[in-house]
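Below, subunit A partners subunit B and then partners subunit C, in two separate complexes.
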Partner chain A sequence: MKWFGFIAVFLCGSLFIYGTVEFPGWGDPLSPTSTHVSPYYIEKTMEDTSVPNIVTAVLADYRGYDTMFETAVIFSAGIACLFLLRQMKRKKTDFRLYRHTATGITFRIEKGGKLPPTAKEFERIDGLWTPYDLIIKTTGRFIIPFIQIFALYVIAHGHHSPGGGFQGGVILGASFVLFAISHDLRSALNRMSEKLTAFFYTLGVYIYAGTGALCILLGANFLDYSALATILFVDPVTARSHGILIVEIGVGIAVMAVMVILYYNLVSAGKFDEGL
Partner chain B sequence: MNIIVIIFLVLGLIFFTGGSVGIIRFPDFYSRLHPAGKLDTTGLLMTMLAAALYTIQDFSTESLLTGLKIMLIVVFVFITGPTATHAIVDAGIRAGLRPWTKKEKAD
Partner chain C sequence: MVDLLTIIISKYNYWGYIVLMMIGLYAMIVKKNLVKKIIGMSIFQTAIIFFYVSIGMKKNATIPIISHGHDGGEHAVHAVDFINPLPHVLMLTAIVVSVATLGVALALAIKVYQQYNSLEEDEIDSQIKVK
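Up next is the complex of A and B:
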């Protein structure tokens, strides 16, 4: 059986390598891609969509259908991680640790023991990792707003500079992950609960696909943003530019939420109770 | 002006080189963090200062803004770099790693 697998892999691999022989050379000016599609994009992007960044225009407008399914792939990655790791059955941990905030004394409550009242004097701390670090918390609090502003900048400036929904979404997700690291998982869950995360990554894909469907309702092709001109009260060229922005925002929201849910699941082994 | 920029760049590179050599040469985890944290921060300050000075050579609002943004990078690294080093040292202590001493080496 091992040999059969090896031979199958070898045959498939050599077939792929044989296939690459037929490829045009790198940067060949006579190859089909360089003679038909690329010159059109390079010459016509500005007058078609009024977007200076050709990459963004190709990604979100000309090839918008591909990018919609890329977003769907991100979405299904988040869903798959949720199905694989999330433990729905709530199992109580063996012991819990509580800290008295004023004195710093830590209590260990065994299974079945009486928990302290959820008053302000006691705070729950993690069993393995118990950072009580004012420096890291303060730096986290200080730096997170700047990270988020930068993320919004990257999402909104996808037209004019490198960036866009995917990159900005990852940066935005990283700010939430930083919050969870610098504080703890439970305080991060208080700010950004699991339900809210699930809502956001569904919303992101919905915005993208919904924009496409709206274009159909307005009598154009799927994801042909020039149809949005009647709603947005602009000319069709600017409408394509705005359509790209709307789609990028959808992608950004989806990617951000998926990053957060991946972190939550991986760090707490699906229990959403204790984690880094 | 270019001479000042070059001086700052070379100074920054000296700090970076010192940091890289220190990471390899120092004996244990904690002392290796020392060059990694300190010299990189100073090296970054020098090189970014050089970059900022180079951009504001043609004096205008735009170049001044770019220079300000470059100095903003330094501000953020000055805040986050020491915090990261602090967190790493903290994690090392928590994991139970003892600092290296000469006495231990003799045994």
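Up next is the complex of A and C:
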């Protein structure tokens, strides 16, 4: 099997390499990819949309329909992961563990026992709970706000510099994942609950598709942002720029929430109790 | 000889991606461990992303962001001065989609492990045959 696989892969690779003889050279400005549709994008972006970052303009405006379904793909990946792994029925345990945060004493409450008052001194923990590492926890707390600010900057400044909804959303999601790693899954769920995550990734796709539908209601084609000029009180070109920003915010929210829900599900195998 | 050398110099980028792609394909075909197969799939996707980004490259061109002044200085934009933005757009979405597919693949692997207590393909196979 090993040799068969190697020979098959080798033959396939040789065929591919033979095929590259006809390919345009590295960095050839006259290659077919650079001569058909992309010159239009490069030369007309500024007058059509007034967005200097051509990648953002093509992503959210010229190819907006494609990007909408990419967002839907990410949304359905989050849903699929949820359906595959999430265990809705909670296993009944005989006891619950609560930790008094000030003293570090752990209480074991037997079944039918009385809950501690829902004050801030107590936190629910699991059998596998390990003490927080002070250095990791402090560094995480210190660095997470800066990561989030940077993520918002990447989303908002996607028109003028490399960035946009996808990249900013991933960075924002990574900050929540970092919080969950440096603390534990329960404290992450207290900050960003599963329901809130589900709300966010629905909201993201809804913002995108809703912007498109709004354009139809205003009498233009689906995702033709220039129709938004009448409600944003700007000229049609600036309206396309603003439309791109609205859509990118939607993408950012959806990507962030899907990253978080993927992490939550994978790390606890759908039980949502103790993570890494 | 000189012809061969120019071919090698102008095409070596493709060869790199093909090698990377074949490493991923080999891992997907031969490796018995499901996680190794998933890693192979990721390498394969990365090779395709690299390939797309490289065909957008143009010599003596800059990144596809038009520099603009505050006075709205409208100087003509020539397509030869900027690299092709289209492959970047396509791969931007492909990267995020590959993360999403990776998440679903890992979820499936966790499900398989819960069912068979193993991620090795042959062990899972023998357990299926016994049933």
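The definition used in the following text is that the second predicted complex is superposed on the first by the 201 of 276 C-alpha atoms of A that agree within 3 Å, B and C clash if a C-alpha of one lies under 4 Å from a C-alpha of the other, contacts with A are read in each partner's own complex, and residues count from 1 in each chain.
Here is the rule we go by: a contact is a pair of C-beta atoms (placed from the backbone, for glycine too) under 8 Å apart; a residue touches a chain by one contact, two chains touch by 3 or more.
All figures in this text were calculated on a predicted structure; none of them were measured in a lab.
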Which superposed partner A:211 touches (first subunit B, second subunit C, both, neither): neither
Partner chain in contact with A:143 - subunit B first, subunit C second, else both or neither: first
First, second, both or neither for A:241, with subunit B first and subunit C second: neither
Of subunit C and subunit B, partner touching more subunit A residues: C
Subunit B versus subunit C as contact partner of A:135, first or second or both or neither: first
Subunit B versus subunit C as contact partner of A:226, first or second or both or neither: neither
Touching partner for A:42 - first (subunit B), second (subunit C), both, neither: second
Subunit A-touching residues of subunit C, taken from the complex the two chains share: 7, 10-15, 18-19, 21-22, 25-26, 29-30, 54-61, 63-68, 74, 77-80, 82, 84-89, 92-93, 95-97, 99-101, 103-104, 106-108, 110-111, 114
Residues of subunit A that touch subunit B when the two form their complex: 129, 131, 133, 135-136, 139, 142-143, 146
Residues of subunit B that touch subunit A when the two form their complex: 76, 79-80, 83, 86-87, 90, 94
Complex interface listing, subunit A residues touching subunit C: 1-2, 5-6, 8-10, 12-13, 16-17, 20-21, 23-29, 31, 33-34, 37-39, 41-43, 45-46, 52-55, 58-59, 63, 66-67, 70, 73-74, 77-78, 80-81, 84-85, 160-162, 164, 166-167, 169-170, 255, 258-259, 262, 265-266, 269-270
